[in-house]
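Two complexes come next, and they have one chain in common, chain A, joined by chain B in the first and chain C in the second.
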Partner chain A sequence: MANEFDVIVIGAGFAGLAAATAAANGGRVLLLAEGLGFIADLPSTIELYGYLPPRPGHVVRPWDELAGLMQYRDHPYAKIPARVLEQSLNMFVEAASTMGLAYEGDQDQNTLLAGPAGVPRPAYLAPYTMAPGRVDDRSPALVVGFDVHKDFYPEYLVANLNRFRQISGLGEEWRAAVIHVPGQQARGLNSQELATMMQSPAFRRHVIAEIRERLHTETRVGFPAIFGLDAQGTRQVYQELTVGLDRQVFEIPTLPPSPPGIRLAGEWLRYLQSKGVKVSLGFRVMGVTAENGRVTGVLVNTPARASTYRCRSLVLATGGFWGHGLSGLATGEVKESILGLPVRPVMPPEAWGEDRVLAPQPFVRFGVATNAYLQPADEHGNTLYENVFVAGRLLGGYDPYEEGCGEGVSLASGYYAGSLALSAGAVGD
Partner chain B sequence: METEVLIIGGGATGLGLAWDLALRGIDTILIEQGDFGHGTSSRFHGLLHSGGRYAVKDPVSAEECIRENVILKRVAAPCIEDTGGWFVHLTADDPDYPGRWLTACRRTGIPVQERPVHELLALVPALTPKVDQAFHVPDAAIDGFRLLRALAYSARQRGVRLMTYTRAVSLMQKEGRVEGAVTEDQRTGQRREIRASLIVNASGPWAAEVAAMAGIRIDMRLDKGSLLIFNHRLSGQVINRLRSPGDADIVVPADTVSILGTTSVPVASPNNPLPSATELLHMLALGEELFPSLHEYRVIRAFAGVRPLYDADESGGSAGREVSRTFSLLDHAVRDGLEGLVSVVGGKLTTFRLMAEKTGDLVAQKLGVTVASKTAVTPLSLPEPRSVSVFMPDKGTEDAQHMQSEVRNDREGRKTKQPTGTVICDCEAVTLGDLHAALAEVPDGDLNDLRRRTRLGMGTCQGSFCSFRSAAALYQGNEFPVQRANVMLQELVQERWKGVRLVLWGEQLREAEFMQAIYKRLLNLARLDANGKRI
Partner chain C sequence: MAIMPVRSLYLQEQWGIDMLDNGLDQCLKCTICNTACPVAGENPSFPGPKYAGPELARLIRGHQPPTENVLDYCSNCRLCELACPSGVPITELIRTNKQAAYRHKGLPLTNRLFARVDQLGRVAAAVAPLSNAMARARWVRPLFTRLGISNGRPLPVYHRQTFKAWFSKRPVRPAPKKIAYFVGCYANYNEPEVAKATVEILEHNGYQVLVPEQRCCGLPALANGDVEKARRDALFNLEQFVPLVEQGYEIVTACPSCALTLKRDYPETLKDRAAAKLSKHVWELGEFLRDLAEDGGLRTDFGKVQSHLAYHLPCHTRSQSMGEPWADVLAQVPGLQVEALDAGCCGLSGTYGFKARHYDTSMAIGQRVFAAVNAVNPDAVVTECGTCALQINHGTGAKVVHPAILMREAYGRRESQGGKDAITDE
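Moving on to the complex of A and B:
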């Protein structure tokens, strides 16, 4: 039947995409999502474990810390066997490489990469366009920006980065150069618009000529992350800049929209389709049908009439508040959006936030409680739906932004949930 | 320093007085403890009253309001959106009130027109169908920030010296006469003496504290009003609920957003008023009686202001909405036998000009100046924008670009163009040129000072994007250390969070998680080197 699937995955962020990838290994899979969520907004680097607040400084060897983390029952990593975590990363690296977006790491260590404000941030894996931009080695770089680009400011970035390099005793300073973009309306452009401009050979020639004039002895040139919106276009720009400047070039993240994120999401969806996954984006899930503690189908608000897709098992990877996986009411009630699953912890609404915006915020830890197999569970630990598996930010119990582990948790829990969903469907036969 | 008149307080009253005295040619210095309007003048719902709200209970105030409404629409036009307003009667509300109200409006000279309910519902479809009577009045929306900016700019053009972040720490007295004030710069701690023939205490809710420095007691009734900001215009016109004034019965459109208010809660201190969760839920519930789908709209922040109410008979019996909204001019020479000090207390934003005029009359009389007030006939001006953010078809792209760029030296001394038309704040369409223009008015200003002058960060995203953009772009175009840009950035995101944190539900809770991702995951702001040590 056209509308019957072994596994339906709801959500197309890192968790949903990883779940669909895992389940596609032998199952008929449908990926449903209303939008792309954070993946199109954020840098697309993989953070596995970056910080252990309140400990100052960043985590250098995340695997050493993960062993300790497994003892915290509420943290999603505690529910995922170490071997599954490793498999999920291998799956991602292999899939990304097939998509033409090779990811690189420094063996098992975190690498420090610059963010848009020039503050370094530890990444475990980075796309080949970003990995050469590590800030914790001695080789200096020229960071280039564009005068009409409202989401990237190289002088500010370099000023902050050089203070870090100075404090860390890392030799030569980085430099900044702002390139004039002729013929542009001066309302300011975002990164997606510049990524589109970079696809023009004439514009690239202009950029290369301007930069050659500004280069000193730097061996590397950093750009805002605007090389392209797909793998092929990005490869072309990357190679042409490398040859034209005779330097190692690299991308640095910008404010959203994020071309590297858009690139990864787009290629990953195409990859899934090539594996036989049916992808349906842009429609809101209205609800599910369920019998005897099992979800049997998903109701989607498609044009003209609602469609029902039947499934053997379901992966919920709908995200946190930003992804619309969770919603909170003024009255203090927090709900999971599709099944109405209970959300933990329960606390009065005044306690959801902290007064300092940069302090850890309780609401980012809210999520659906699950048992050890990522199945939603009630407060006594009873499984609520035996063929539903929860992945990614919706799990709660951790702070992806403070701990620097958002993509790691999403990949691992998504991969795990996808695999479990596939075997749960098989058991149901 | 020396001057004829020293004004303490840079809200609408103080700045209005500075403008009034400037037009009379009286030498004036104004000091303000924070930025202009950091008190009540920026913490209200932005309503230019027609007077309708006060017609029944407080006719003096109502008459003042309608007179000033007409004058301000003329002289402060750039700060006012003349939306018009409605008083709507709901079927469940007191059926006798509209009759009494109409009589009172007629008596106080407020032009009221009863119109068919369907006409109103067509204009404001989100309104409850339970309206059974609708009256049109000349209410309007007034932007407090823009008004203060216009007053400050106009007064400064006429030679008034304005000092922000300057607090009076004591008043100098000699032989029954106030001779000046000792002031302190709130940023550097530097103290100085300002000698003046006359001091005017126009410090709003801080009036009692300032008077106390001269050993004088003023009984203020400080009253907190809380407000909610919604992410777009619920209505293009002001909506008042037609009943005895109560909580959450006014909705005012303000540029891209709407403000619902207010509450009335007595408070002891004028400092840092914050709405309580109870007040906000209470307002939402009442607001839903006017706009039934209100809970589906996104609330972007909440804030509170302190009304500087003053009970002229000082008998101490009344509080909150019972106290008249009219103002009092206290000549301490007559009232307390102390020369050289005048206090202006009570009142409301709509009547700030009248308060300034009356205070100006007393000041002029004391100084022997015979020039009459001109504020009712002299239009205020605002600084010219430094960027043109529209494309000029007759110029050609390169020309237009050139006209919209400032040439600057980068940090390596190379000439670089900085396009001033770049939109830094998408929600409120604030350009880099707008920020430069505001920075010229407050050379030491931080991003919050620029925010109050340009609406930077006041729209739906509450600074998620423009905090970073403005700090980085200003750093790139100006000569200041990077740590200063970092401090300004952290201060702006924190200031915006203050109001967002109070409304963490619905779509704003969603935005709050987005902010966490941007500020922490992407920008790593907690590790930004703001104090020279951390990274």
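Moving on to the complex of A and C:
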């Protein structure tokens, strides 16, 4: 039947796409999501483990430090075998390279890259367009911005970065240059619009000519991340700028919308479809059917009539509060949104938040409690649904902002959940 | 087996008066909608759905009418709503904002004109083919310019004998299963062959087809900011169709935009209980036939139709979240080799691309579809949307055919030579 699947994945963020990628290896997979995931807002770099409290302590060798995180029983990394974590990253790098988005890393070390405001941020893997932009080596760079770009200020970025470079004893300063975009714009352009402009050969020629006039001895040129909205367009711009400037060029993430995120999300969805995954975006899952502790189908709130899809197993990768996987922050009773799964830790609402603005927030660690196989479990550790697997931000016990591990947890738990769901479906035969 | 409801059971039960405000408050300003908007991608004058929808709606809630002239850039393709991770009815908000803006400023002449494709159709069909000749005449062009109609693209062709005129002369063919056919303006005035094929396919599958009194579905009026006209048309259609639903009729239309309007806009925009009841019984033709096939009820006495086709999925089919029903149905016809274009929005979006101020944007959006068609180089393009068909033909010169025409062909209801009539005839 057209509406029967081995694995249904709900959610189109890093965790959902990773789960679908893993399950597509031999299964009939349906990816359901209320909309596009939030990847299009993200820089598309992969953080594995970036920060050791207290901030701003960067983790240099994440694999060596992971054991520290794994001591916390509830941390997702404590539930994912190290070899699975490694496999999930390999799976991602391989899939991304097939999509035309090669990822690079510095062997076992984090790479320090510039954030949108010039604050260095550690990434374990970065797309080839960003990896050459490391900020912790001696080679200076020219950071280029555009006068009509409302989301990127190279002078500010470079000032922040040079403070860091000075403290770190890296000597040579980075410089900023602002390029005039001809043709008066009524308002500032965002990164997505500039990425579209970059697809024009005439505009690229103008950009190259303007930069050549401003280049001194820099060996690298940094740009806001506007090389393109898909893999092919990005490759073209990257190559042309590299040749035209005769320098290493790289992208620096901007505020949303984020072209590197847009291109990763788009290419990944196309990749999944090419692997036979059915993708249905746009409508909220409103419930499931279940029998004897197993979910048997998913109901989607489609126009006119609800759609029912039957499945052997289910991956929940619906996100946290931001992605609506968790709800009830306002009512004081936090629940997982689709199955009503219990959320832990349970604490009185007064304790959810921390008054100091930049302090770690306890509610960030809320999530669905699972057993060691990512199946939802009650407070006594009993499995609630044998064929449901939880992945990504919906999992509790970690703080992606404090720990710098958001994409790592999502990729690893998504990949693990997708693989487990596929074999659980086979068991149910 | 237990069904566990989440939040609310069906959208129908959410159609309280608060729906819009709730939707507005769900906007997290994440900007994902802007990344999916075909217009924002091509025309920097449009600040994108996030601004035109939820942000302006906030101003209106604060009793400030929107003054900025950006709302008309929205083409009503509804891809933003599919992309939104938070379930915000963005297009719906944009249309409400349009209405508020035009209530303040008055509806522009161009919008008033395009809100009335039904009345235009009635006049143009009555004097066809004179109307077609006039539309091509050079001396008419300055008038078009004044009306805001693009001179860049050919206008749809009108037929003296509308579908409804043809159908009314036809004897009733009784059958136990009943269909009420919602024809739609485009099929009635511009593509009567599609409407005839629809009737013949349904009859071939054992249905009696009734064509009740009906008006425009109201979508052109909604998209052009004339909600009052849309409401009048919708109420008329509801009066005609709801009693039929109560008698056990299912409603079928071969136009994806009419289907979407009947399914979603009647209940969501009009907030009418009868509309919610109606919407459950509305089927796009391909969806109806696909489900029939899955239940084993579709006749498969197809003749061979040897052809290599490229399938374009209209945005308004996508917005109904039913997969690609026509691709599934055509896959059953022997000889047809159908390749999915998967190149996004064609850029025409109903009346949008016919406006002079949107012609360039419309064509820029269409480039991806045109390139995909040229890469596939098919015998013909197949799509269920009449205006997508016009755009693809305009952009590529390729023949574009409605799947119902192909299916009728396959059922052998027309004498054919080599089975390629539907594709090679114009």
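Here are some notes:
We adopt the following convention: the second predicted complex is superposed on the first by the 421 of 429 C-alpha atoms of A that agree within 3 Å, B and C clash if a C-alpha of one lies under 4 Å from a C-alpha of the other, contacts with A are read in each partner's own complex, and residues count from 1 in each chain.
In the analysis below, a contact is a pair of C-beta atoms (placed from the backbone, for glycine too) under 8 Å apart; a residue touches a chain by one contact, two chains touch by 3 or more.
In this text, all values refer to a predicted model and were calculated from it rather than measured experimentally.
When the two complexes are overlaid on their common chain A, residue A:Gly328 makes contact with chain B while staying clear of chain C. With both structures placed on the common chain, the touch criterion links A:Ala306 to chain C but leaves chain B unconnected.
Of the two partner chains placed by superposition, only chain B is touched by A:Asp151; chain C is not.
Contacts of A:Thr296 after superposition on the shared chain: chain C is touched, whereas chain B is not. In the superposed pair of complexes, A:Asp355 makes contact with chain B only, with no contact to chain C. In the superposition on chain A, A:Leu42 makes contact with chain B only, not with chain C.
When the shared chain is aligned, chain C comes close enough to touch A:Glu193, but chain B does not.
Under the contact criterion defined above, the residues of chain A that touch both chain B in one complex and chain C in the other are 38, 41, 185-187, 256, 322, 324, 327.
Interface residues of chain C facing chain A in the complex, by the touch rule stated above, are 1-11, 28, 30-32, 34-36, 40-42, 44-45, 47, 81-87, 260, 263-264, 279-280, 282, 294, 318-323, 328, 342. Interface residues of chain A facing chain B in the complex, by the touch rule stated above, are 38, 41-43, 47, 115-117, 119-121, 147-148, 150-151, 153, 155-157, 159-160, 163-164, 167, 175-178, 180, 182-188, 253, 255-256, 320-322, 324, 327-331, 349-350, 352-358, 361, 363-364, 400-402, 404, 406.
Those residues of chain B that touch chain A in the complex are listed here as 277, 280-281, 284, 295, 389, 391, 397-398, 400-401, 404-405, 410-412, 416-424, 465, 468-469, 471-473, 475-476, 482, 485-486, 489-490, 493-494, 496-498, 501, 503-506, 509-510, 512-529, 535.
Chain A meets chain C in the complex at residues 1-2, 12, 33-38, 40-41, 185-187, 189-190, 192-193, 196, 229, 256-257, 262, 273, 278, 280-291, 296, 299-307, 322-324, 327, 337-340.
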